[in-house]
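The two complexes that follow have chain A in common; it is paired with chain B in the first and with chain C in the second.
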Partner chain A sequence: MRPHSPPPFWRDERKLAVAVQVLFVAALAVAVLAADAALAASFRRQNIRLDWGFFRQPAGFQLTALTWTLDLETLSLKRYDPGDSAGEAMIAGLFNTVKVAVLGITVATLLGVLVGVIRLSRNWLVNRLALAYVELLRNTPLLVQLFFWYFVVILQLPNGSPEQPPLRLFGDAIVLTNSGLAFGGTLVERFGRLVVDGGFQLTPEFAALVIGLAMYTSAFIAEIIRGGILAVSRGQMEAARSLGLSYGQGLRHVVLPQALRIVIPPLGNQFLNLTKNSSLALGIGFAEFLTAANTVSSQTFRSLEAFTAVTLGYLMLSLLISGVLNVIRARLALPGH
Partner chain B sequence: MAMRVGALAPPDQRPTPLAWLQANLFAGPWNALLTVLTAAALAAAALRLVGWMLRAHWAVVGDNLRFWLVGPMPVEFVGRAYWAGGLIAGAALLTVLGLRVRVAPRVLIGLWLGILAGAGWVMSPVRLDEVGGFYLTLLLATVGIGASFPVGVLVGVGRVSRLPVIRTASLLYIELIRGVPFITVLLWFSVFVTLVSGDALGRVQRAMIAMTVFTSAYVAEIVRGGIQSVPRGQTEAARALGLSGLQAMRHIILPQAMRNMIPALVGQFISLFKDTSLAVIIGLTELVGTGRALLAITAYLHDVREVYVFLIVVYFVFSYAMSSASRRLERRLGLGER
Partner chain C sequence: MRKSLAFALAIAITVAAVSYTVVAQPRSRLDVVRARGKLICGVSGATPGFSFPDPASGRMVGFDAEFCQAVAAFVDVPDVEYVNLTSANRIPNVMSGAVDVVFRTTTVTVTRDDQVDFGPVTFYDGQRLLVRTGSRIRGLDDLNGARICVHAGTTSERNISDQLRQRNLRFQLITFQEAKQAFDGMAAGRCDVFTTDASQLTAFRATAPNPNDFQVVGREFSDEPLAPIYQENDSKWADVVNYTVWGMILAEELGITSAIARNPARLSEIAGRDPVAKGLIELKGGAMGRVLRLVGNYGEVYDRYFGPRSRTAITRDNTRNALARAGGSMTSRPFR
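What follows is the complex of A and B.
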């Protein structure tokens, strides 16, 4: 019998594994170095260089929606002013992103739960209407929907002049004009036009963005809610009814608590999607994070730096949200599952 | 001793139209009231919509069909574009017929590769920067999904690899891309590729690169899900028969995983088809860009409603057709039924 000899290295899986990984790292390093060299050559050709210092220089622009920002020196809240640095302008944009996300998520969830429950209605017509809502919103691009809300709906509202009086709902509680949506203000005349003074006002861009995002996401949420309710087995409701609970009580105390557990993880993904999708505000010019970064980029010609910063910013925001969602999921998980 | 019992036909469960109406529209007074109110509101809305559609200025669509279809392409090439479109439409028709008579998938894939190569050859003299409209939308979506499929399979296989370096690298790539919005990927690559390549790559190619990078991460997650849906015993059996890890993946796992991945891949394609609209932000004249370009012409300045309603209808028709076709395919393959 031949003595047992070790296999040659190309047949030894452990050595192969190490070799493959070393090769992979080498290839990756070559690719990164090549890209870096190409970038450096391009910078030399154009006589520029990577410069991250411009974030500290004055931004020099004002966008209407930029209001609050974080003072990067003292880390305290302050009013945004064009003299503030470009970094602070982007943070003011980030605050707006959070504002849009919170409002959008609230409206989308309410609307989505409503449509999801209607989708389960036994009335065929109402059921189909909800289905049409879901399919129409899910099968068209969000950007087109935002353009629709902004250019076709909100900017076509009356402008408040005597020929086009503002639309008033519930007395003057809600006033709609093409300069925005106002809740609970008073109408006053200025330069021959009726405008709203005081109250809670939304700019056209902000209103279009929140309506568009919330409706788009509500279609996905509706399907999640519907799936969640259907996933709770029918026997649960039947058992609740046979115990003497009414349909509403059964829904409230038996089915919904169980559906909630099923629904939370996909719902969290939709919240994350809505936050990421708020960057489409760039298309209609609402000054959130990406629009602020884009303005900085076009003012300073530091596009690569600005877009790298904004990409990393969104990554942080996403990681933060998914971290929170994971904590909630862990809390909700049934012990032993 | 067995007694023979005459088999009873199942009771006819289909309701009569009247019973259907009673069960689904007029079950009880409140339900009937709901039906009537909804129907009245729908009828009023439909009347207003039809009234508007009759009064609307559809010239912005009707007089510019060529622009909507192929964008600012030089006139001498437009015939080629129609030929290529005809080839692809023919292939789609043959696919539908082929699915009906159950042709082997290999034949259909061969047909599509042939048709796409033919269409590519017909279109070869046209510069990419000259195409636009619906043609560019379809081109971006097709190239995006076509290029991101191989990359996605590689990264997805890397994601479940036993080699820690490759697994971590794949994980980082997937999570980094999925953590940021598509538009930032598009803008970043648009800037980065311009800096690296100078003028060598046009706007359309830059958008294609960004789409591939972005979609690959999502395809990789689909591939990972597909691989993990194949029972572990399959790998173990393959390894026990002496196949190497890669051989087992290529010949045993991936072919089975592929079947489970089809619905998710079609969904990704539809989502990419819708996402091509974001290319308008980096200045491409795909469908949305075409609409905005037309709105900048004095004659059409006030046709905002017509343009955006038309865009919504076009996107809806195509996405809805694709998603219902994919649902039918799912049922045909019997996915989720085993």
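What follows is the complex of A and C.
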């Protein structure tokens, strides 16, 4: 019997595995350093200098939708004022993005679940109407839909002139014009038009953005929900029916809870898509994160720094949403999954 | 054996990465354009009078578009490719070299000059207000509580904010990505005022279906000299653009029109008579001759889009757009 000698270095599996990993990390480090050197050389050639201090310079602009922001020194909430710094302007935009995302996700999910369940109806007409809704909204570009809602629908609302008086409900408590939906303000006449002063106002840009985003995303969510319900085996519904539950009760108590586990990852995708698609507000002038950063970058000409901040902002927001969804999925998971 | 292979691979990656940075040599944009055979010119594409598609043929026409053609004729390339740029991406596109020159109603400001270089001023403009006929707005002081539509990312946005804050007036700014969208918002009644350079206000008003519903009011409250922009540190290319514009202005001073430029006998007669005209005509082997034959002199280009018979008429008399010897600010340089 031959004595058992350790294999040479290049035939020892464990040592080879370690060596390959070390080499991979080294090659990666070299590639990253080389890319960094190339970037620095390119900056030098074009005389670009990165300067992160401009975030503290006064913003000097006021956009309608920028209302609340975070004071960067004391980390307290305050009203945005054009004298505040550019960084605080972008944070005000970020708050608006969060508002749009939360409202949009809620409405999109509700609409999507409704349409998804309707798609499974055995009534031919209702089923086909839902199909038309889904196919129309999925297959047209989102920016086109936003323009449609903003320019074709909302801006055609009465503009408060004598020929197109504002729509008033409950006395003057709710007033609808193409400057927005106002709750509890007072109608004043300004420059020949009736406008609402004070109260809580929903701007047309915000409304168009939320409606457009929610309907677009709801079409995708409807398909996801339908797929999730179909993935639950038919035996579950048959067992529920044979226990005496109606179709609706079976759906609510037996099928949907199981379908929910299946649909959470793709649903999370759609939530992330909605959050990032809110940046299309740039086209209709709603001052959310990207629009505020765009204005900052065109006033200060620091586009590289501003848009790096935007990228990091969206990344953090998306990681937050993914994190929350992961926690929900872990809570709902069956033991052993 | 495997170790040395991995080592060689690492060296190869390093060498490839580093050599990428060394190989790029600076060449003038003039050589790049000549080699390409085509000028890539940035314009707006949606501003009446300055750059817009011709309704009949679909080609890009306009005051700015014709200057692009002039520059192409100067360097003797047959083709111009127009790139539609927004006010936000016009400067990054120039800095990165994606376009050769931009004629897009860009105001000369010191902060922009830090990043790009400006050619000679082609149009002196100023900011004014467009309001509905019948609203009682006559100037900046009447704008308390007004809703103002403005083009995002422009000096117009900044100027109106500064002016109204100085007067301590309340106002709401509604910004749009394109000036045309801002005008549409104004026309739909979303706001009470649309403000931008007076030339664009006149042009938008003239091309609206109901021009009499709008009025341009107020004194000019900002200085907006509009000029072409190109990359910094490229003197050869700067000379090309500068001398194209100055040459067109000088041709108007000397009375050399497009028709005269097509007539070699008259051209040589003028050259013989006037040494300045001779310098103009013979510059760079007849470059200005090509320009004048293609688009004409400054006055002809101006009249084509802003002359009294065009829809977007803007008078030159008593404004800074008149020639210097007629009391304005359009000057050239000695072509000697």
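Note that in this section the second predicted complex is superposed on the first by the 259 of 337 C-alpha atoms of A that agree within 3 Å, B and C clash if a C-alpha of one lies under 4 Å from a C-alpha of the other, contacts with A are read in each partner's own complex, and residues count from 1 in each chain.
Keep this in mind: a residue touches a chain if its C-beta (ideal position, glycine included) is under 8 Å from a C-beta of that chain, and two chains touch if they have at least 3 such contacts.
All of these numbers come straight from a predicted model, not from anything done at the bench.
By the touch criterion defined above, A:60 lies against chain C but remains apart from chain B after alignment on the C-alpha atoms of chain A. Of the two partner chains, chain B is the only one that A:129 touches; chain C does not reach it. Of the two partner chains placed around the shared chain by superposition, chain B is the only one that A:152 touches, whereas chain C remains out of contact.
Look at A:283: by the touch rule set out above, it reaches both chain B and chain C. Within the superposed three-chain model, A:25 lies in touch with chain B and out of touch with chain C [touch as defined at top]. Of the two partner chains placed by the overlay, only chain B lies in contact with A:139; chain C stays clear of it. In the superposition on chain A, A:308 contacts chain B only, with no contact to chain C.
In the superposed model, A:35 makes contact with both chain B and chain C. In the superposition on chain A, A:17 makes contact with chain B only, not with chain C.
Residues 35, 38, 42, 45, 151, 155-156, 282-283, 294, 303 of chain A are contacted both by chain B in one complex and by chain C in the other.
Listed in rising order, the residues of chain B touching chain A in the complex are 23-25, 27, 31, 34-35, 38-39, 42, 162-166, 169, 176, 178-181, 183-185, 187-188, 191-192, 195-198, 244-245, 270, 274-275, 277-278, 280-281, 288, 304-305, 308-309, 311-312, 315-316, 319-320, 323.
The residues of chain C lying in touch with chain A in their complex are 1-3, 6, 9-10, 13-14, 17-18, 20-21, 24, 26, 87-88, 91-92, 95-96, 111-112, 114-115, 131-132, 134-137, 145-147, 152-154, 157-158, 161-162, 165, 171-177, 181, 184-185, 188-190, 192, 232-233. Those residues of chain A whose C-beta lies close enough to touch chain B in the complex are 13, 17, 20-21, 24-25, 28, 35, 38-39, 42-43, 45, 122-126, 129, 135-136, 138-145, 147-148, 151-152, 155-156, 276-277, 279-280, 282-283, 290, 294, 303-304, 307-308, 310-311, 314-315, 318-319, 322. Here chain A touches chain C in the complex through residues 10, 19, 23, 26-27, 30-31, 34-35, 37-38, 41-42, 45-48, 60-64, 82, 151, 155-156, 159-161, 164, 178-179, 190-193, 195, 204-205, 282-285, 287, 291, 294-295, 297-299, 301, 303, going by the rule given at the top.
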